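Alright, structures below, take your time with them.
Below, chain A partners chain B and then partners chain C, in two separate complexes.
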Partner chain A sequence: MLFLQLLANGLQVGAIYALTAAGFSLIFGSTKIFHFAHGATFAIAAYLFHFALAGMGLHWTFAVAVAAISAVVFGVLLDRFMYAPIQRHEGSFFTVFVASFGIGIVVQNLLGSLFGRGFMSVATPLSNSVEVMPGLYLSPLNGLAIVCAIICFAALHFFLTRTFVGKALRALSENPELVRMFGLSPRRLSTYAFALGSLLVVPGAIFTAAGTGINPAVGHHVMLISLAATIVGGIGSLRGAACAGLMIGVAENLAMWKLGTQWSEAITFAILFFFIIFKPSGFFGRATVS
Partner chain B sequence: MTAYILNLLVLISVYAILSTTLNFIIGYAGIFSLAHAVFFGIGGYTAALVAMNVTPEFFVAIPIAMAAAAVTSLLLALPALRVRGEYFVAASLGLQVLAVTLFSEWKSFTGGLGGVIGIPAVELFGFPVYKPWQFLLMSLICLVIIIAITRTLVHTSFGRSLKAIRDSESAALASGKNITVIKTLSVVMSSALAAVAGALYAFYMSFINVESFMLDTSVLVMAMVIIGGTATILGPLLGAALLMLMPSALTYLTFLPQTEIGSIQQIVYGLAMVLLMIFRPGGIVSSHPGGGK
Partner chain C sequence: MLRKILSSIAFAIGLFSAASVQANDIEIGAVFPLSGPNATYGDIFMSGADLAAKHANDDGMLSGDLKILYEDSQALPQQGVVAMNKLVNVEGVPYVLSAFTGVSKAISTLAQRSRTVAVNGGGVGPDLAELGEYFWNVIPLANNEVGALAAYAVNDLGHKRFTLVYVDDPLGESILNELEKTLPSLGAELVESHSIAASAQQFSGVAARVRSNNPDVVYVASYGSQQLQIVKQLRDNGVKAQIASYSAFSVPGIQQQEEAQGALFTTQSIDWDSEDPVTKRFVDDYQAMHGKNPTSYIANYYNAVRVFALLAQVLEEQDKEITGANLLAQRKATDTFELVGGEVSFQENGTLLAPIQVLEVDGSGSGKTVFVKATE
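Then we have the complex of A and B:
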């Protein structure tokens, strides 16, 4: 029964990881910006959702809207006012990474100062667990997270394959020069990528705030997972990032069957380490490495 | 007051050793490691173990600590040989997270979360060094020696090969450089010297636990290197001094809420990293003004 319980938790966590990792992978794949502050976007969305719902007592639809708007605004602002100036003069991987990392530190500490450093979670009617089988507790949130992830992936797939902007984003990840030649602005497309990528963290942020709870360092954790999932899945492959995110979520939870909770992050990185050394291109990635 | 200043100076010199050794791989080898605190920790724990069970002699404990870090650093060298850039950052992060879990779980070596208590004072040829100014002198001498070593290495053919690999791995390979050996050696060197800082820290504090060797420390040391200036000798020293002095300087600003000093310090250096990357990517002491590697 413990196994089933852990599997159910793993699937929920995995669905959230998959969405967040897909957001990071979308941004990184199309703009080549190593957006380490993606975790900060997650933390902001989660905290503002919590604040709107519990602090201001708004209806949950408004709280979701607040989370979504703040995530998108934060992502786009970073793209416009931080990444764009850096890319204008040089934009080596190193410079972008350090700036992004710096913003992550700032956001984490601001949230800590504003909302406190402890764990917070907001109770919703949906968070209550019911015993469906002896020893197996499920809450509506478990199922909702998975359904929501499936809907988001379907929408994302539709967007990337059927709409003009979606196709342009895919083209940008293939060949930015050709996109410019075709008369599209990579800069403007980059804004779309950031908006969409940041939007993808919102379901995860909300389910985490309503479920296991959040603390200011949550962004860091989320970022580590997205990074691991993106690399294990193969850089530039959304499908890969999603599968790897799901796999990591399940593996992390199943590991608790035999090991203590403190090992869950270590498991993720053992998987990542293994991939980097033996198969750096990931599941679906292309062969290029350096 | 003197005790306070001496304490600060000892900590600055310990962190200056860390930033100098990290700069060696970030600035010259282009290996962007977020796992430097791991080797700091291994140095500390090993030196503590040797001092408590064998002898607190400087010339025994430090070489053993360096050897332990050098051997473990092969774990970092392995991914560094396989991949670059973002992949390597992720791998080093992974190593850091794994190490923290191990540090807090491996009780016989690290004392678990409680840490190692009662590390004896270090001895130099049998004479214990416990007065703060003696300790400061010792750590400053270590710092000077380590700076001299890295400076010499950078100016030899080894250093030039490193920079060549940093700038273009395929070009270096084409001109007959043995990339595997050069990269591995640079990681091993840097980690072994970082262990010296760990050992000094353990002897100085006489108590260590996992809190000092977490990701936050790696990030802090990285910030020192970047804010000071990569690929320079002065930069990491300046960075270490600035970031270590900042919390004490902030306590003088009485209008700031004193409980938030830690957060404010992190916010300041986070912002400094962002602004420097936008306006002066080479750091304060920049080796290439207007845009660096």
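Then we have the complex of A and C:
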């Protein structure tokens, strides 16, 4: 029964990881910008959801809208006013990374100053587990997270395969020059990528605020998982990042079935090293020759 | 020419004022977490230290104003050493307040080498009592706290099976060692221990493991935001066993957390209603300034600064320089100190001996605890 319990926990955690990793992968794959502040977007969405719900007393649907709008606005503003100028001045990949890293730290401290540095969580009965079978406890949040992830991925798939902007985004990740030749603006597409990628962290941020609780440093862990999932899934592959995120969440939890609890986090990096050594192109990435 | 004269005057005024500040102020240092996930502790510690400095200055205990130079450790040993280096080698302070077991252990070598007194009021690892004569503790250490709680849980509540969830650092290790040593002698057992990384935030898997062991007591040895996340996720995931911890639970976050209702924890025993003048003044002024009751952490850092003020006052009366070595010699020469909580004395190893109390979180959200039992 412990195995089933850990598997159920892993699926919930994995669903959240998959969404955040897909967001990072979409941005990185399309724009080649190492958006380290993706974790900061997650933290902003979580804190503003909490603030709107608990601080302002808004209905949860409005709180979700506040979180979504704040995440999208933050992502788009970063793209427009930080990454775009750096790229215009032909800043290196490393310059972009350092700038993004710095923004992550600034956001962490700002959230700490505005909302306090302590732990916060959304009080909801949805996070309380009930015994569905002897020894197996599930909370409504478990199911909601998984259902929400499935819906989000279905919508994302539809958007990327059936809409003009979605197809353009995929083209941008393949060949930016070709996109220009077709008269499209890579800069504008980059903004779409940031908006969509930032939107994808919102469900994870909300479920984290309600389930595990948040603190200003919550984005670091999200960023590490997103990065690992992007590499394991194959850089540029949304499907790969989503599968890898799910796999990491499940593996983190199942590791506790036979191993000590301290191995839970290490398993993420064990998987990462395994892929770097034996399959550097990841799950769905394509091998390249330099 | 006029410009040169004016700038020379301005420079001279600047030098004079800087010199007068240095001549009048008596500075001590503090290495506290001021940022990161444990920054909430820094705010708590500072409120106690600042109040003691204010009282010392109001009373004119020293020849100049007592000032505390705060440096950020982020509760990390490496950052703590950087902060300590600055305080000792740049600022030249003779006395430094320290917090957290890992940080305290990391800075103790520098304290010993530079003959700077380091005083811990927050870390509780038992080995903090053995870090040399320049390292003092104004807080009972984990061996006292764990022993008191285990004895209460076993003898008074009849609990026999314990599970430990501990952060993988010197503090967590020391609590694991204490439980392994203490429980068998009480006729109880540690059925399983779960080590977690200091950065971990996801504990639903740990909760599943804990539940599968069916313990009577889950002892949580963590701190900061993490301990609140552990408590919430244990309860959310169906763990109904008694939750227990040490003095890290005496923070507002835990006191106001619904899921922590009924959790037991230990602190040193302080009678907040005491008529003893030091305690009464501390409690009254703290309540007036902050509108709430103080906690043992706040009292500890008040006491740490007050110990300095008392020792430095005697040194100044004897026309001795306020150095780490002289502070140490004077502490050894002083039998008792009038501190918050009453008259106390240091043990040979520089650690204050204080009775322990077991408290229970009442879970009303008002931030109150329920006094359960005091032990010697």
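Some observations on this one:
The criterion applied here is as follows: the second predicted complex is superposed on the first by the 282 of 290 C-alpha atoms of A that agree within 3 Å, B and C clash if a C-alpha of one lies under 4 Å from a C-alpha of the other, contacts with A are read in each partner's own complex, and residues count from 1 in each chain.
Just so we're on the same page, a contact is a pair of C-beta atoms (placed from the backbone, for glycine too) under 8 Å apart; a residue touches a chain by one contact, two chains touch by 3 or more.
Everything quoted here is computed from the prediction, not taken from an experiment.
After superposition on chain A, the partners chain B and chain C are seen to clash. In the superposition on chain A, A:Phe119 makes contact with chain C only, not with chain B. In the superposed model, A:Ser139 makes contact with chain C only, not with chain B. Of the two partner chains, chain C is the only one that A:Ser129 touches; chain B does not reach it.
Within the superposed three-chain model, A:Asn109 lies in touch with chain B and with chain C [touch as defined at top].
After overlaying the two complexes on the shared chain, residue contacts for A:Glu265 are found with chain B and with chain C alike. In the superposed model, A:Gly39 makes contact with neither chain B nor chain C. Within the superposed three-chain model, A:Ile86 lies in touch with chain B and out of touch with chain C [touch as defined at top]. Put simply, of the chain B stretches 91-99, 199-207 or 217-225, the part that bumps into chain C is 199-207. The residues of chain A shared by its contacts with chain B and with chain C are 109, 112, 220, 262, 265. Remark: chain A residues 28, 34, 82, 85-86, 89-90, 92-99, 101-106, 108-110, 112-113, 220, 224, 227-228, 231, 235, 262-263, 265-266, 268-270, 272-273, 276-277, 280, 289-290 touch chain B in the complex. Chain C meets chain A in the complex at residues 35-37, 39-40, 43, 168, 194-197, 199-206, 208-209, 211-212, 224-225, 228-229, 232-233, 236-238, 252-253, 258.
By the touch criterion given at the top, residues 32, 78-79, 82-87, 89-91, 93-95, 97-98, 101-102, 104-105, 169, 215, 219, 223, 226, 260, 263-264, 266-267, 269-274, 276-278, 281, 290-291, 293 of chain B touch chain A in their complex. Remark: chain A residues 1-2, 5-6, 9-10, 12-13, 109, 112, 116-119, 121, 123, 127-131, 135, 137, 139, 211-213, 215-218, 220-221, 252-253, 256, 260-262, 264-265 touch chain C in the complex.
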